[in-house]
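Working notes, beginning with the structure itself.
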Amino acid sequence: MAYLQAILDGILLGGVYGVISTGLSLVFGVLGVVNFAQAEFLMVGMYVAYFAWAYLGLDPLIAAPLAFGVVFVLGFYSQKLLVGRVMSAPPAAQIFLTVGLMITLENGALVLFGSDFRSVNVPYQIQGFRLGELFVSAPYLYAFLWAVVITGALWLFMARSWTGRAIRAVAQDPMAATLAGINTARTYNIAFGLGVGLTAFGGAVILPYITVSPTAGVQFAVLMFTVVVLGGLGSTTGALVGGIVVGIIQSLSGLLFPIQLQNLVLFIIFILVLALRPQGLLKGV
Amino acid sequence: MRLKPTGILLLVLFVVAVLLPLGLDPRGNWLRVMGTVMIFAAAAQAWNIMGGLANQVSLGHAAFFGIGAYVSTLLYINFGISPWIGMLIGALVAAGAGALICLPTLRLTGHYFALATLAFAEVCRVIANSWSSVTGGPVGLTIPFAGDAPMLFQFRSTVPYYYIILALLVVVSLVFWRIQVGAFGYRLRALRETPEAASVVGVNVFRTKMIATMISAALTALCGTVFVQFTFFFDPDSVFSLTTISIRLAMIAIVGGLGTLIGPIIGALFLLPLEEVAITLLSSQASGVAQLAFGVVLIAAILIEPRGLVALGPWIMRRLKGGQPSAPSDMTAKGETNV
Amino acid sequence: MLDVQGLSGGYGGIDVLHDVSISVEAGETVTILGANTAGKSSLMRAISGLLPRVSGRITFIGADLSAQAAHDIPGLGIAHVPEGRHVFKEMSVEQNLMCGAYCARDRGDARARLDVVFDLFPRLMERRKQAAGSMSGGEQQMVAIGRAMMSDPSLILMDEPSLGLAPIVVDSVHEAMGRINALGVAILLVEQNAVMALSVARRGYVLESGRLVLSGDAAALRDDPGVKRAYLGV
Amino acid sequence: MSDPILSLNKATVTFGGVRALDDLSFDVNRQEIVGVIGPNGAGKTTLFNSLVGLQKLRSGTITLDGVVVSDRKPHQIAALGMTKTFQNTSLFPDMDVLGNVTTAGLLHHPLAEARDKAADILDRMRLTPIARAGIDALTFPQRALIEMARAMATNPRVLLLDEVMAALTPSEMDEVMETARQLRADGLTILVVEHHMRAIMSLCDRIVVVSFGRKIAEGTPDQIAADPAVIEAYLGSSAKEKEVQHA
């Protein structure tokens, strides 16, 4: 029963990991840039939701679209003014640019908000539902459901909207996209904004059960990379499946290993996947 | 011909470095700062062999740095082996770790390689934190005080450390230089952008990258040992740190000038005192300001001049010679931003 | 309709086109012949704004193309089917085609235009849900041409549409060109298969090492020894 | 006078479902200059990549002077004496011209000797004036010549030239052809992929014509120029006509 419970927890956790990582995967899939600052955009999303709660009284679940919007704009201009200028540079320049962005965002938050850990207070925080002998925590469940909804929305957007089609076209063949009349530079800006916005959305919905601080992103960084590499860099559906897989692994390893070793399991999976199947485990399945 | 001003500058820097302790308070903070500058210059120089010459950008050099620190210290604490010897054993272990990480990652380039090395360093950090019975866990390790004991790598004064570090920097720089101008350097530069062409004219790409990684790892481990002998105390989060070790080494090299001999030295001389000054000046301000400035400098450096501060050299030379500063406007902007 | 005057240009420091002048009238099919590396593809790329460095004048129905960004040119009515097809491999046939309508003057028309393309290539109708990357070369070529047609062009540039295709498929591509032309769309065709190109086109130009060496009616070019020489060097 | 130094035996390479090389067999004799021609996409570059080990064969073998090389790595094949130049050139961008040639010389010599040898090769090819130039500063014809010089520095016995004459002026072309003939006189065997038919017809002893990864003709330049299958492959024909099987 403990295992069933762990798997359930893992799925709920993993759905959110999926959304967070989908953003990273989208950025890589479209731009071919690994955004090392992705986790810091998650942290920014958490702060947006936190302040929306603190000053406007908004529930983080309701503030999540706001977090998405704010971070979308931030991402759009980060791409337009910074990352976009090194797109054709060697990977080293891209790596260091996003690493610089990571340091800037993290410490910018530290300067602005201090190092305090902050958390919100919502009525359902410690509630839950019984499902036979299983326990479903309310904040985890709500976060999971929101994650599923936004993933569905993204899927619809990418499949149906002109902008969504343009993003996929640019990701697959920028030259052919240009010949179809798509402005690739603008599409990159939108894709980057969308990618970090989704991750920020994920940051907001987990706020009811997690604290925010300037370093809140860091703990998600390797996790996100693991999910994305597992699902295949650039594959957004892979990221969702990868997220749930990682959620379950993390949850199960919590039963088997001391808490510090939970991440070790992830790292080792991460390196093994990179080494053996850099195209991702789920790709082509 | 172009190497000449750089050579003179290096010589001047060396002489200044040798004489510096005469002018600075041996117990003062600045001698320690200069020691730190040189350790990081040396480690960044070691990183530069891989990241600069072979173009394999590692974001996990903290792994080798930390291995050097832990191996020498654990050998000393548990078996009484002098860190002088432990340092060499640490370098060997790090070279082995370098070879190990090479096997699965060698086919990876660019982003994938950076990610894999980053994860490798994180694995090391987690192991060091978890394996408390051996490593002391998150509490960290303190090097037992032995007074003035040169054989055990311990001194009361900062000055001997300072000269040891200077020697280390010179050794690592000489290794870098030897590689850069030697046959091995030709092979490394050949494979960095055009591995297929390199292999077709006879370069064994796998072996060349592997050897570069092992040398780079071993030298970084030496820096790790010297660093902790200098600071006496360390924990997993400090020596295996992503930001303060891995990224910092890469950043020093890139800000100074990727793949150049003088780059890491310039980069360390520029960044670390800047950080020190920022911390001193801004200590009353919120924490993070110095790091924030760091991030901004890194972004600016890449956007303005991806080749680093070294690229300013020719521009400065033209100015010094009184010639018409024919530099394009972005060069001028760069001068104002960075110098 | 399309008027290219004194075009030179290339990549980096290397010029691949030297003082090339050609023109295409509305509704006409024109071919550009020449051996590999003669500059045919570069000429196409220059027209659609993909060649990094261009000098000279390119006008299309009075508009100066050199002032336009590459992604704005399809909207003016020039579609380009690139060499190697470049379909969006992971998209379905229908999604590929819809992407072609991105720049169309009237997007609301996209569904109706889809029918025009399916009329042209019934095969695509059957395979509308299939991923383009999993199709045969000939089918991918149909997707690429269909995608270009989705933007409602008045001129379509086709770069080596028969490259690497089996003879029977070449035949159907050839046929489709005739039908596209019958819809009033002008075609500028680059083709290695000179016999095929000259049977489709009304006029032709011959490029050698980036320079225009010959031009004239298709019938005249077919018998001109200069054409054979440009290809075989004999 | 059959004395093959290089033999392909049923070499096959596939990408996805496409057969880029399809049961391709032919021999190259010692000190011969052999041209490989064929329309775009015929598999010529794949053929060269397979010969030097950059592309693995799916089946079949390649033998260099009695040694099977189709399972070797590119640097091992280079050491055995076969290397190629790159179409569109792939010089080492972080080195000057001399550095590029020197690197190749390191295969058989220590650095100082490799540098002398490189200088010597550049001198013989009359490239000494640009020995210290960076790659970015070179014109395309210069790059093509440096590609040749770099390949020469590995002491090859078989040299594969991949479109070195593209974009050369007629006089530069003559110079390259003269160099090639000279190299052959010095004992080298040369395989040439070239689109420039005039050059290939006058340079080569023998020509192999490839289309869709298969050999459709083989013979002297005169035989090839008169071969209807070749003319069809190049100029095309009415698609209704059956593909001509040529023995």
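Just so it is clear, A, B, C and D label the chains in written order, and each chain counts residues from 1 on its own.
As a convention for this text, contacts are C-beta pairs under 8 Å (C-beta built on N, C-alpha and C of every residue); 3 or more make two chains touch, one makes a residue touch a chain.
Predicted model, so just to flag it, every value in this text is computed and none were measured.
The minimal number of chain-to-chain contact steps leading from chain C to chain D is 1. The chains other than chain A, grouped by which ones touch each other, come out as one piece. The greatest centre-to-centre gap from chain B, using C-alpha centroids, is found for C.
Centre to centre, using the average C-alpha position, chain B and chain C are separated by 54 Å. The geometric centre of chain A is 42 Å away from that of chain C, both derived from CA atoms.
Centroids built from CA atoms put chain D at 44 Å from chain B. In this assembly, the C-alpha centroid of chain A lies 49 Å from the C-alpha centroid of chain D.
Contact between chains, using the touch rule, shows up for A-B, A-C, B-D, C-D.
Interface residues of chain B facing chain A in the complex, by the touch rule stated above, are 51, 55, 57, 59, 103-105, 107-112, 114-116, 118-120, 122-123, 126-127, 129-130, 243, 247, 250-251, 254, 258, 285-289, 291-292, 294-296, 298-299, 302-303, 306.
If you check the complex, the residues on chain C that touch chain D are 13-14, 16, 35-37, 137, 160, 162-164, 167-168, 170-171, 174, 191-197, 199, 209, 228, 231-234.
Interface residues of chain A, counted against chain C in their complex, comprise 159, 162, 165-166, 168-169, 172-173, 175-184. On the chain A side of its complex with chain B, the touching residues are 28, 33-34, 36, 82, 85-86, 89-97, 99-112, 114-115, 214, 222, 225-226, 229, 233, 258, 260-261, 263-264, 267-268, 270-272, 274-276, 278. Touching chain A in their complex are the following residues of chain C: 48-50, 69-75, 79-80, 82, 86-91, 95, 98-100, 102-103, 107, 147-148, 151.
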